[in-house]
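You will see subunit A twice below: alongside subunit B first, and alongside subunit C after that.
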Partner chain A sequence: MPGSLSNFKFAGFKALLAAFALLLVFAQPAAAQLSFKPTAEAVQEDKLLNALKEGDKISGRISIPDKNAANLIQPAGRDWRDFHRSKLPWIGGVAILGMVALLALFMMVRGRIRVHKGFSGKTILRFASFERFTHWLTASCFIILALSGLNVSFGRTLILPLFGADAFAAMSAWAKLAHNYLAFPFMLGVAIMFLIWIKDNIPGRLDIEWIKQGGGLFSHGKHVPAKRFNAGQKGIFWIVVIGGALMSVSGWFLLFPYLPGNVTILQFWTVIHAVIAMLFIAAMLAHIYIGSIGMEGAFDAMGTGEVDLNWAKEHHALWVEEQQKKAGAPSDRTPHAVPAE
Partner chain B sequence: MKSFVLALAFAILAAVSVAMVLNSYQEASWAAFTTSGARVGDPGNNLTGPT
Partner chain C sequence: MARVKFLCDADRCIECNACVTACKNEHEVPWGINRRRVVTINDGKPGERSVSMACMHCTDAPCAAVCPVSCFYTTADGVVLHSKDLCIGCGYCFYACPFGAPQYPKVGNFGSRGKMDKCTYCAGGPEADSTPAEYAKYGANRLAEGKLPICAEMCSTKSLLAGDGAIIAEIYKERVMKRGYGSGMWGWKTAYADSPTG
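Up next, the complex of A and B:
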């Protein structure tokens, strides 16, 4: 029965066709899901970026002179950006505000450190004019560098809302220029300081005793013998020299960003620059405090260069003895001694 | 006081001198980071334009 066989074959073909049609109907949503996953590519890119190790980059080929422009993506940059946005403000805030709080507490508890025996009316030359010049050269540059640097880290958050975008932009542009160029006299000042004061800042046994007794800072009328610089002043000297050197090297790389060779090294030095800067500012706040309102008679050392003899004997007894021996003067007199103003 | 004023004056003088020396050596970014074939005729006066 050819006819019935033909009908059977056609019926079988129809069933097969229907089965394919059903398959297509059920398969269609699955196909649609695969082709319309909007985040599928992004997920893959994210996995790809996470798979890249520190220092890896996705680079292309370019023909312009700046070969670093060939780097399209550098995943380590995200960590660097995260550090500047979230960790650095905390480091800076804790270091600087913490130091301000400590100094305020110290002043409340200890009060101003007075000259125990009172002013004698005689003075002794503590710093020559060139030493004072070097100190103020470095200090004045440091203050501008610190304020303009803090503006880079905190200005957008703290100053922009107060003064508005235009004033903040103009101020920041001038601050950046001052930061870039005053860095050079600052570096010169640090280098001269190192050369002229290194001989008096070598740590010795006396410093251990000074540290053990807290420099006499926490007890009234108690003074630890010291030479020209006590352990605290030596600490400040080395903070300035080492901190200044690190700030100078890292700052040099920031001023001339092609020097580090690649962006990963540049990012490393920006982190060093920022962290050292915060610690440096905190340390200098302590130095400024004890050299001005914290200790009676201390500012004269860098103001006029001459300090009261009693102040010198209380804080630098061994240095006064050395000076008097050199001058061949009796123990309570000095050739530099002149009536106090 | 004299040392302080002298130090301030020297700091400003040194900063200005360094700025002048560096600026004389420095190329603008639109010139330093492009080849001549990629430069536009007038780069304008924005941040990357001629100084």
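Up next, the complex of A and C:
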């Protein structure tokens, strides 16, 4: 208490202090460079915060083993929050709902793309069993990864109110586990698809023509000649390969959060993971549409692996010629058309 | 109801780490997790200061805003708590937190994250007050016993203050006035900037 200092017991001490203060005053010129001004010298939080660059943190030294704990304040967390709460729902909403709307519009305008000459009844092998296995391995993983990922971004708003906190948390915990573990077969699938299909997906001269004509998407019955994959399919291939690689790299850091060990790097990879995921899902919606209800005869390629010869001739005229030449006689059915392995 | 906060007067902190140790002991915090830590800024340079930091129990808490399963809640006293039953260990609160408060025990095959653990302001969790179940998940509930957080109560230099935000801010301002300097109420701008009570 300040009052107790004025107690007579301290009178002697006060006198001593006064003498000492006097000494300091007289010694002022000599002590000028030695004087310690705590106000001026002490680290100021305000100054440190103002001096921070984007993504920077105020950090120091720490004596516990976890060196990440040396970060005292990281204001970038607020930008990350803003990204997740304000920006990501828009990016995802516009990409995914926008794609659904586009596809609905396309379906209304164009309708189902028919096999112009009708089914011939004869088939040609388009995808061998190993190719189909790889496709469906990747595709089934992708669907679960996409749904469990969307659950993290939108579940709280859309699903939680329906089931309540407990049921939603239990479901989300399983979804997270599925997301973590199915990431590995997905990465494997993308890698195999890259290896087995790269040779047919190198962009070429024909692709320019295909793009110029809009892939014949808007012209009934008119088809642009294409080899095994047309420019649109090549586009899907590269979206899957590049998108899959980005998802894998970013996901790898999120799977093993102690690898990068730095919150700023982890924030960066979550943003990449989330944005690419939204665009990836939107692109795959278009792929799913055109491979199922959007085009007559297309699903067989990944279903049974055998497509109708007329479908093949309309969409991949050059590929059919090539296959028939390979088989020797221009027979109607080419049982060993694509030895993929 | 009071709006409780933490305040570390860095000009008084002597980096003894007693708050860190007391916290670990009080709540039997698992190995590898520190709910509170002391960071030394400008170590070895003039103007060096140490700051004891834990969850600041933010107003409009970022962790609660980004949690995908909405496991956070704020008590009437302004303490930010979470339910380990709901937590899925996704790490989002860790990305959003400006103070690095959320931590996760390493579990599973990859050493991935378990259920998040952080400072509870010695206020336990959603379980019934002072039950073994609450203690096992969140540690002691001193607030329910009418006590303040252990870290602040045993701070030998009274650098770390806990209690009604208005009162501890007043105590700090008086100190600054009296001694003529102060390095700031660390983290307050970040944690309570949007707070109507400051």
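One rule holds in what follows: the second predicted complex is superposed on the first by the 272 of 341 C-alpha atoms of A that agree within 3 Å, B and C clash if a C-alpha of one lies under 4 Å from a C-alpha of the other, contacts with A are read in each partner's own complex, and residues count from 1 in each chain.
As a convention for this text, a contact is a pair of C-beta atoms (placed from the backbone, for glycine too) under 8 Å apart; a residue touches a chain by one contact, two chains touch by 3 or more.
Computed from a predicted model, the values in this text were never measured in an experiment.
Of the two partner chains placed around the shared chain by superposition, subunit C is the only one that A:166 touches, whereas subunit B remains out of contact.
Of the two partner chains placed by superposition, only subunit C is touched by A:270; subunit B is not. Shared-chain residue A:60: touches subunit C; no touch with subunit B.
Residue contacts after overlaying the shared chain place A:192 against neither subunit B nor subunit C.
Of the two partners subunit B and subunit C, it is C that touches the larger number of subunit A residues. Of the two partner chains placed by the overlay, neither subunit B nor subunit C lies in contact with A:327.
In the superposition on chain A, contact of A:254 is made with subunit C only, not with subunit B. Shared-chain residue A:69: touches subunit B and subunit C both. When the two structures are aligned on the shared chain, A:129 is found in touch with subunit B, with no touch to subunit C. Touch criterion not met for A:143: it reaches neither subunit B nor subunit C. Touching of subunit A by both subunit B and subunit C, each in its own complex, is seen for residues 63-66, 69, 180. Listing the residues of subunit A that touch subunit B in their complex gives 63-66, 69, 129, 132-137, 140-141, 177-178, 180-182, 184-185, 188, 303-305. On subunit B, the positions that touch subunit A within their shared complex are 1-4, 6-8, 10-11, 14-16, 18-19, 32-35, 38.
On subunit C, the positions that touch subunit A within their shared complex are 10-11, 15, 17, 20, 32, 34, 37-43, 46-51, 53, 62, 65-71, 85-92, 94-100, 106, 110-113, 179-187, 189-190.
Interface residues of subunit A, counted against subunit C in their complex, comprise 37-39, 41-46, 48-49, 58-66, 68-75, 77-78, 80-81, 84-85, 151-153, 155-156, 160, 165-166, 168-169, 172-173, 176, 180, 254-258, 263, 266-267, 270.
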